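Note that chain A is present in both complexes that follow, paired respectively with chain B and with chain C.
Moving on to the complex of A and B:
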C-alpha cells in the first residue's frame, strides 16, 4: 500500500517543527527557509496551513524537466529530483501549479519533497498529528488532486 | 502502423515515448538533423559554464534508451513532405514512408539582415556545435559582442562573463527581454548586468559587421564601433517549416497551423512544439510560444490523437518563462502585460532587486512578472490556469501581492 502525507490544518499550531525537521533531514541545518514543507500563516483567520508537494499524478515538474532529472520512486510514489542530473534551469519551478518545487541558490539546483525516502521527518516531528504519513486511500489527497485537474489543459492525456 | 516523428527535441522525444506507451507494436521513428543523441537546448547555458558535460544535456540518459523502447532514431533533415504519397524525403535522399507523421522540427535562429552577419567570427547559440564554437572562442579579456538581449542572450550571459569575456550586449528594444519582462523588470535587469561589468546598449541596432585583422568591428546604428573577437547572434528564432512548402500543409506565422487536436490542415499530419501555431490558454488565439512546457504538452496530446483519432483536445497552453541572468531570476506568466480594464498590483524593492507585479481581470489572476523571486512561483500558474475567482483575496493581493501562496490555499482548499 502506498502511503502519503496527510495534512490536517485544524490541528496545526504553527510551531514550525516540521520545517525545522525537514531542513535538518535534507539540508543538515535548522533553517526553515530551506524546508520543503512550509507552514502558511493566515493572520486574520488565526490559522496555520502546512503545505508541500502532493506527489501528484500529473507530475508537471517531471513532464517539464528538459534533462530527465525528476523521476518517480516506485517504492514511495514520490517524484525525486536527482541533484547530479538537475542543471538548475528552474522550468519545473514555474511548471508546478502548486508552487512546491523551489530553486535552492546555494546548490544551483531545485528541491522538492521526496517523502524522505519513505519516512518523512515532518510527520515524525509534528507534535499534534497535523501531519501524518498514512495509507494513500485515507488521505485528503483526492481532494487536493481533484482541483489539480482544473489546471491541466488536457485532462485525459495523463498517461 | 508507421509513426514518423520529425525532430529530436523535447517535443519529438516525448511524442515518441507517448506513442510507444499507447501502441506497443507499431513502428516509431524519430528523424533528427543533428549528430548527437537527442538533447536539450535548455541545458546549453549550463554546458557553457561547465556545470555539466555534453551528456548532461541529453534528453534521456540511459545507454540504448530508445532502442530498448523499440524507437528508431535516424539522422537526417526533412527536405520535403508528400502528403499524397505519405512520405518524407530527407536531404540525403532517403524516403521515409509514414501512416501518421508529427512535425516537431522546432525552430532555428534568425540571421538579422545585417551586412557581415555571415562572417566566420559570428555564431548563433542554438546547437551543441554552436556551444563548442563559443567555448573555444572565448578567452579571458576577449572582447565579445552579443546581439540580442532576449531570453537566449540573457541566459548565456553568466557563462560568457565567468569565462572572462569583455562583453557588450546590443538590444534593439528599449529594455532587456522586452518579450517577457515589463519596463520595470527589464530596466532593473539592465542595471544588474551593468553592475556586473557588462556593457548594455538598449534601443540600439547593429548596422554592420566588418573584418578588422583577426577581429571584427561591430557598427551600431548610432555610429559606434565596437571591437570583437567573437560575435554571438541571439536575435530570435523562427520555425522550421520551410520543408512543408508546397505540401498542402497550411502555414501561419511561419509555423504549422494546427486545430484543437494539434492536427494540421492535412489529415494524419500533426505538429508540436516550437513549430506549431497553437492555442494560447490566456487569449484563445493561435500563435507560437516556443517554450519547453508547451512543447511537452503538445507532444503528449498530439501522440494521443495520432493513435486514437481526435480523442484529446488541446485546451490551450499557458505562456510562461523563467530566466536566470547572472543570478537574477525573472519569470513571466500569461498576460503579464495586463488586460484592458483590469487591475494590477506591484511590490518593488529596487535596492534588493525584488519585484512582483500581478495582473487581474475582474477577480481572476491572468498574468504576472517577477524578479528576484524563487520560492513558490509555480503557484502563479496554478492561480492563473485554474481561473480561480479570488473574491476577497483579490483585495488582499492588491494590498500585498506576495501573498499568492496564501491566496491559492484559501481559494482552493478553503484554508
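Moving on to the complex of A and C:
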C-alpha cells in the first residue's frame, strides 16, 4: 500500500509541532524556518492551514531538474532530492506550482518533503490528527464519512 | 545545552547593543526565564529604584526548553520592577515571540537606561539594531504590528509591542506579542514605554539545537504529550472551552467574586461562560468562538479565537473589531464580566479586544473598573469626573466606554489607568480597593477557597493566581482534593505550589500543563535537553531558591511582612452565596505557619540560614 499525507486544516491549532518535528528529523534542530511543512495562520479568519508537498506523480520539480537530482522513491512514492547531485540551481523551485520546494542557503541545495522515508515525523507529532499518513487511494475517506453523516435524513427527521 | 548561552544587552542611553555569554553558573541555580532573569535583575539594579526611571531594567527572557518540541515550550517572561506594586514583576506569555527569540540565538534581552527618542528593536538572528519609532509611537499594538511587518517585509517576523495605554502611563499596561498574547500583569508594558521602547521585532532562522540527548529528549516529549492528551482537563476541557471551562464551576461553588468582590456568586455567570461562547447567536448564526488555537509547541491549545456579534453596538464603525481575534480567557471574562456585573458576552469580548489592541492587563483593568463602579455608586465619583458616563454595576456601555478611554489614556481613562489602589485612594475610599501589594485580584474568591487567600497575600508580585494555583487541589482535586473551606494544611500546599510553579516558569513551559503534569513529567524532558543532572528534587530546590530571591528583592525594595495581607472585605465581610455562606478568609490562621515552613522570621523576613541554604546574593 502506498500512503500519502492527508491534511485537515479544520483540526489544526497552529501549534507548529509538525514544523519542529520536520526540522528536527531533517536538520537536527528545532527550527520552523527550515521545516518542509509549513502552517499558515489566517488570523482574521481564525484559520490554520498546514501545507507541504503532495508528491505529484508527474512532478514538475522532477521534470525541470537539469541534473536529475529528483527521483521517485518507489517504496514511498515520495519525490526525493539527492543532495549529492543537486547543484542548487533552484529551477525546481520555479517549476513547482505549489511552492513546496525551497532553497536552503546553509547547504546550497533545495529541500522538500520526502515523507521521512515512509514514517513522516510531522504526522507522528501532530496532536490533533490534522496531519495523518493514510492509504493513498483513500485520502478522501474521512471527509466522505463526515459528509455522509450530514446527509442522514432519517436521523435529522428523528431529532 | 538547550540554552542559547547568549544575552543581548541593549543600552538605550547611548544605543549601544552588545552580545555577552549567559552566566551558566546562575543558569545551573536559577534555570532560565523567570528565575535567571530575576537573578540578573537583582545583580544589576537597585531594588529601591524608580520603576519608571532609567535605573530600572527590563528583561525579556526565555527558558531552556523554549523553542524546543517539549509541549508548551514557547514561553517567555518579562522581568522588571513593577510600577503598579513596587515589587518584582514577572509576566509570562505564550504565542510565538519567545520561541522566535530563542531561534534567533538569544536566551534573553536586557534593556537598560532610557532612549532619548522612541525606538523599536529589530532582531534578525545575531543582528540587532535600534530603529526610530517615529510614526509608530502613538499607534495601537495592532497598528504598530502592521507597520513593523511592512518595514521588515517578512510575514514571519514576530513582534512584541506596547500600546497607547502604556504610552499614556497606565500602570497596568502589558507587553502584547503576536497581536493577542500578553505578558499581562504588573505593568511590564508601562516600564517598556517609560524607556521609549515601542516594540521588539524578531526573526530567528537558526533554530534551537544543542539538545544533550536528542533521542531521549524526543522520546520523553512524545510520552509526555500523551499524558496531556489523555488528561480530562488538558486533553478535553481546555481545548473545548479554554480556561473559561471554569466560569460555571467557580460560580457554582460560591467563589466567583462579583461586583468588586462584594458578592461571591454572579447571576449572569452563564452568559459569559465558555459554554455561552459556543452558542450560535441570533444575528449571524455563528457562535462567539471560531476555533481554539495553540501557542508555539503547545499540544493543549486552550487559546480562544473569537468574533463579536456583528450587530453589537460596540463595533459599529470599528472595522478592526469586526474580525477574528484573541477571545476571552477565564480571568479576563471574570474581571470585565462578573466583577463589573456585566453579563453581555459581546461587550466583554469587545473590552478584551481593546485590552489586546491597546495593551492593558484585562484583570487589573476589569477590577479597576469594578472599583470605579463601587466608587460611583457610593457617590465618590460622579458624572462630573467621568464627563457624563454613569459607572453602574452591570452596565455594558460603561465597561466598553472605560476600555476605550483607558486604552488611549483619554479623560477619565487616565484615572482608570492608576489601578484600583491609587484610584480608590484618590477618591477617598481605600477600603474599596481589592488589591494586594497594589495589584488587583484575579477570579477566585478567597472566602470560598482558603488557600487562594494565602496565595494572594504572599505572592511576590501582588495578588495573582498563577504563583500557586491551589484551585487545582481545592476545587479540581489535582493532584489530590483538599477542602476549600478549611485552612489546615494550606500553608504547606501553597508553599509546594509556589516552589514548583517557580521552576515551571523558569524552564520555558506553561503552567497549564500542571493540570496533568507534575515536575515528575517535566524533569525527564529537562534532563534530556539540558546539561547537568535535572531531577525533581533539583527543580524544586531551584524553585524555592527563586521564590526566596524574589522575596528578598521585595524586602530590599521596602516591602514588609505587613504587605502579606488581604483587604478587610475578604477578612471580615462574610460570603452571602449559599455554598460558602458565612465564610470569610482566615488568612491569619495560615500565615504564621507559612512563614515557619519558609524558614522566615515571624515578621516574614529572610533568615541567614535561608540565605546560606540557597546561596542567595548579598
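Just so it is clear, the second predicted complex is superposed on the first by the 139 of 159 C-alpha atoms of A that agree within 3 Å, B and C clash if a C-alpha of one lies under 4 Å from a C-alpha of the other, contacts with A are read in each partner's own complex, and residues count from 1 in each chain.
Note that in this section a residue touches a chain if its C-beta (ideal position, glycine included) is under 8 Å from a C-beta of that chain, and two chains touch if they have at least 3 such contacts.
The model shown is predicted, which means the values in this text are computed figures rather than measured ones.
Trainee: Does chain B (first) or chain C (second) touch A:127, or do both, or does neither?
Mentor: Once the two structures are laid over each other on A, A:127 reaches chain C alone.
Trainee: What is the contact status of A:27 with respect to chain B (first) and chain C (second): first, second, both, or neither?
Mentor: Touch partner of A:27: chain C, not chain B.
Trainee: Tell me the contact category for A:17 with respect to chain B and chain C: first, second, both or neither.
Mentor: So A:17 only meets chain C here.
Trainee: Contact-wise, after the overlay, does A:47 reach chain B, chain C, both or neither (first, second, both, neither)?
Mentor: A:47 sits against chain B and chain C alike.
Trainee: Who contacts more of chain A, chain B or chain C?
Mentor: Larger number of chain A residues touched: B.
Trainee: Considering only the contact definition stated at the top, list the common interface residues of chain A for chain B and chain C.
Mentor: Of chain A, residues 47 contact chain B in one complex and chain C in the other.
Trainee: Would you pull the chain A residues touching chain C in the complex into a rising list?
Mentor: The contact residues of chain A facing chain C are 13-17, 20-21, 23-24, 27-34, 43-48, 124-125, 127-128.
Trainee: Which residues of chain B touch chain A in their complex?
Mentor: Chain B reaches chain A through residues 10, 14, 18, 21-22, 40, 42-43, 45-46, 51-52, 56-61, 281, 292-293, 296-297, 300-301, 304, 311-318, 320-322, 324, 327, 329, 331, 333, 374-382, 385-387, 404-406, 408-410, 412-413, 415.
Trainee: Okay, in this complex, where on chain C does chain A touch?
Mentor: Spelled out, the residues of chain C in touch with chain A are 67-69, 71, 96, 103, 156, 179, 204-209, 214, 218, 222, 225, 229, 239, 290-299, 301, 303, 305-307, 323-325.
Trainee: Spell out the part of chain A that touches chain B in their complex, as residue ranges.
Mentor: It comes out as residues 9, 38, 40-42, 47, 49, 51, 60, 63-64, 66-68, 85, 87-103, 105, 108, 143-144, 147, 150-151, 153-154, 156-157, 159.
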